[in-house]
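In the two complexes below, chain A is the common chain; its partner is chain B in one and chain C in the other.
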Partner chain A sequence: METFFDQLAIGASTGALYALLALALVFIFRATDIVNFAQGEMAMFNTYIGWSISRPLSFSWIPFLGIERHINILTWRPEVFGVPLFLGSESDGSTRLGYLLIVIGTVAIAFVMGGLIERLIIRPSEGKNLLNAVIVTLGIFAIVNSIANWRYGPVPQTYPAPFKGNAVDFGLFKLGQHSLFALIVGLGLMFAIYVFFQRTRLGLAVRAAALNPQASELMGINTGRMLTLGWSLAAAIGCLAGMLVAPSVAGISPNLMLGVLLYAFAAAVLGGLDSALGAVVGGLAVGIGQSMVVQYIGSEWSDIVAFGLIIGILMVKPTGIFGSPVVKKV
Partner chain B sequence: MLEVRNIRASYGPVIALHDISLTVPEGQIVTVLGANGAGKSTTLRVISGLLRPAAGSVLFEGQPIQGKPADWIVRQRICHVPEGRQIFATLTVEANLNLGAYSRKDKAGIKADLQRVFDYFPRLAERRRQVAGTLSGGEQQMLAIGRALMARPRLLLLDEPSLGLAPLIVRDIFGIIRAINEEDRVTILLIEQDARLALSVASYGYVLETGRVVVNEPAADLARNETVRKSYLGY
Partner chain C sequence: MTEASTLLQVRDITISFGGLVALDNVSFEVQKGHIVGLIGPNGAGKTTMFNCITRLYKPDRGSITFNGQDMLSVPAYGIAARGITRTFQNLALFPTMTVLENVLIGQHHLLHVDPVSSSFRLPHVSREESGAREHALEVLDYLGLMPHKDKIVRGLPYGIQKRVETARALVGRPTLLLLDEPAGGLNHEEVTRLGEEIKATRDRFNLTILLVEHHMSLVMGISDRVVVLDFGKRIASGTPAEVQSDPAVIEAYLGVEMNGGAANA
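Here is the complex of A and B:
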């Protein structure tokens, strides 16, 4: 029985990451009717950027920050639970950016990149046929994957994790520190996303622009800007998911998000591609389901069950559990 | 206040407006009449920035505004209640009204205007937490007008507010349109299929046919002009 609860906990933790990526897919689908196949690869690439800036600082990297190593001007190094926030010293005497700085920097870059992709690539290709834009996202998928292979190579690199100690024992189940961290951050982000869309003026405007672009313009909403913001947010959320996935697998590699994206797709389809709640429920269900299948049936069945699920749902209930029936506007 | 001069506009290869000119003086209700496809809605779409005209100009208080983006035009406080209402069906009544005030930042003023909208349309106050798609047709029209009022318009563009509504509700809504004009001093450009009704509230009227103005005169004269009534207004 203990194994069952262990698997439940670890499944919920992976599921939270699927849910985040599924939410990113849902945002973009709701706003533009585009299924963004590049979501996972964008996240992977941004995660690599996080990896680059997490390496030991040196003169050659950023001269300005490298100076610090030698004259030690910056002595303020706050830590939370033993995790350096801004700057940390390694045992070999080198200095690295703290986890918080890495996260902030990476997410900021992801945010900008997501917006640029929408503006420069998606919008011009969207016009006549939705299928064009979907194929463009497939193209971005392939290109980004190739660039990562060329730039960083296929070998997985260890990825910084703030908490890597022993599993925490909750009595009923044990959960690794990183998985616990991922679960908490995942759930926290979902709550933040909920608050943004339900309680803020800007969040309401993003939803309105997705619902009815023309009416939104008549409200004074710049719908183009809302679309860009939607892609930026989706990229930032995907990137956070990627940064949480990397330490829990072998490390970061160009194929980091392939599996995750497929499971996030399963989650989004299960919940209904246009439902944020569906993405969350679907993500957790797929994560827990996967972990149970691996434990009790066999890991080779994991993909079969996930994609059997996608195909089955599309056949029986194409709108997913929480999706709204398709209403075509004339 | 608003002057439309020789507007020409098309949807792709289809020319919708050949040559439209009209004037809306401050504080008045002006109506645009005509059959389906005459170009009434297109004229409003050009004014509110949803459609870029091929030629001609739109002057708002003497300043050219043609071809400016719709969200900019709203900030000049020209508000368009579009054909078919275009409410946000899956959002609540209150969220719809808040979106109407998106172009403003004065919290106190927005709150006061929300109260004003609820005074005009008590049914919206009762249903403020209800999802807008579940409202009746009349209530949705009230919401569409209320939402436009939340931007505190100086010029209100109304596209067929009576469309598909029961006569009693139409009477209510037209009473409120008159009140918005008289009490809030909002200038109104009204498109209406029910010519008799429109002419009863308007001071001046234009009749369009296939993208051109064929008649324009004071509303009272239009209502008396039997030839116009029979050939263009159908009553």
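Here is the complex of A and C:
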């Protein structure tokens, strides 16, 4: 029985990450009707950027030599992530500060990159043929994956995690510190996303622009800007998911998000591609389900069950659990 | 009819869609404080004119001047801030949102949101948002929508949804309100009441109203001026009485609807 609850907890933690990526897919689908196949690879690439800035930096290219000395005095970066196992369990202030700065920097870069992809690549292909835009996202998928392979190589690299100590014992179940961290961050992010969309004017405007662009324009909403913001947010959320995934697998590699993206798709389809609540419920369900299948049936069944699920849902209830029926706008 | 009191000036507007000329050299003016009816048989180009004024369409030729400003250089999302809001013939509400949320979006252009302070809910944002909320509630109350304010729009009866759209247009503090078939789907008694409501709303909110409507008795009963379109051309304009006795108008309508309208007016 203990194993069951252990699997439940670890499944929920993985599921929270699936849910985050599924949410990113849902945002873009709701705003543009595009299924963004590049979501996972965008996250992977941004996660690599996080990895780059977490390494001990070489400042030889910086003309201001004084800065290097200055960074060395701070010591927060190379010291901490050179030996994350050692410092992680102590969880002292400097460890988390370093990680936090990396997260903020990486998410900011992801935010800008998501917006740029929408402006420069997606927008010109929009409004003509939905299939064009979807194929464009497949193209981004392949290109980003190749660039990562060329730039960083196929070998997995260790990824920094703030907490890597012993599993925490909750009595009923035990959960590894990183999984616990991922679960807490994932749920926290979902709550923040909920507040943004339900309780802020900007969130309301983004939702309006997705529902009815023409009417939104006449309320003074710059819908073009809202689309860019939607892609930026999706990229940032995907990137956070990637940063949480990397330490819990072998490390970061160009194929980091391949499996995660496919499970996030299963989650989004299960919950309904146009439902944020569906993405969350679907993500947790797929994560827990996968964990149970691996434990009680066998790991080789994990993909079969997940994709059997996608196909089954698309046949029986194409709108998913929480999706709304397709109404064609005239 | 002095220049100073002209609020909207539409001059020589021409627009065609793939060879079909939807509006052909249409000109008219709307005086401040007036209710102006824009009528014509189906396909005459009335809604197309609304779409040109609100910049959803870009006319091929002509000019639209509002408050002395060239409207054709303003993007669609800048129209509300200049003082023009509208309703839609086939309702363009946000169906999965509540009535209050729909109405709050109607004053988006009045708020100075920047992404960062909105996300972090800084004090001045909260203050602005609570002010917006109050104004939205006032308008909802005026239109008798308070009992519905927290309901999801999608499930509401058509008549209520039309009112929500009016509320969403009013809450943006427009100077010119464009109403596209407000009487659509209403019964005879409701139409009579609607006429009074439109006039009362104009007076209360200091509005100028441009009205597209098929319901002749309503248009003739409340309009100060009427502009008649037929196949994209302006065939008449003047006071309701002038327009009703215009032979070109009677011909366009085959006499039927105009007679009914005249009897009511």
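We adopt the following convention: the second predicted complex is superposed on the first by the 292 of 330 C-alpha atoms of A that agree within 3 Å, B and C clash if a C-alpha of one lies under 4 Å from a C-alpha of the other, contacts with A are read in each partner's own complex, and residues count from 1 in each chain.
Throughout what follows, a residue touches a chain if its C-beta (ideal position, glycine included) is under 8 Å from a C-beta of that chain, and two chains touch if they have at least 3 such contacts.
Model, not experiment: these values are computed from the prediction.
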item	value
Combined model on chain A where chain B meets chain C, clash or fit	clash
First (chain B), second (chain C), both or neither touched by A:T200	second
Superposition-derived comparison: chain B or chain C, residues of chain A touched	C
Touched partner set for A:L229, first chain B, second chain C, both or neither	second
First, second, both or neither for A:L211, with chain B first and chain C second	both
Chain B versus chain C as contact partner of A:I311, first or second or both or neither	neither
Set of chain A residues, in rising order, touched by both chain B and chain C	201, 204-205, 207-208, 211-212, 214-223, 324
Partner chain A, residues of chain C touching it in the complex	54-56, 75-81, 85-86, 88, 90, 92-97, 101, 104-111, 113, 115, 118-119, 121, 125, 129, 132, 168, 172
Chain B residues touching chain A - in the complex, by the definition given at the top	48-50, 69-71, 74-75, 79-80, 82, 86-91, 95, 98-100, 102-103, 147-148, 151
Residues of chain A that touch chain B when the two form their complex	201, 204-205, 207-208, 211-212, 214-223, 324
Chain A to chain C touching residues, read off their complex	196, 199-205, 207-208, 211-212, 214-223, 229, 324, 330
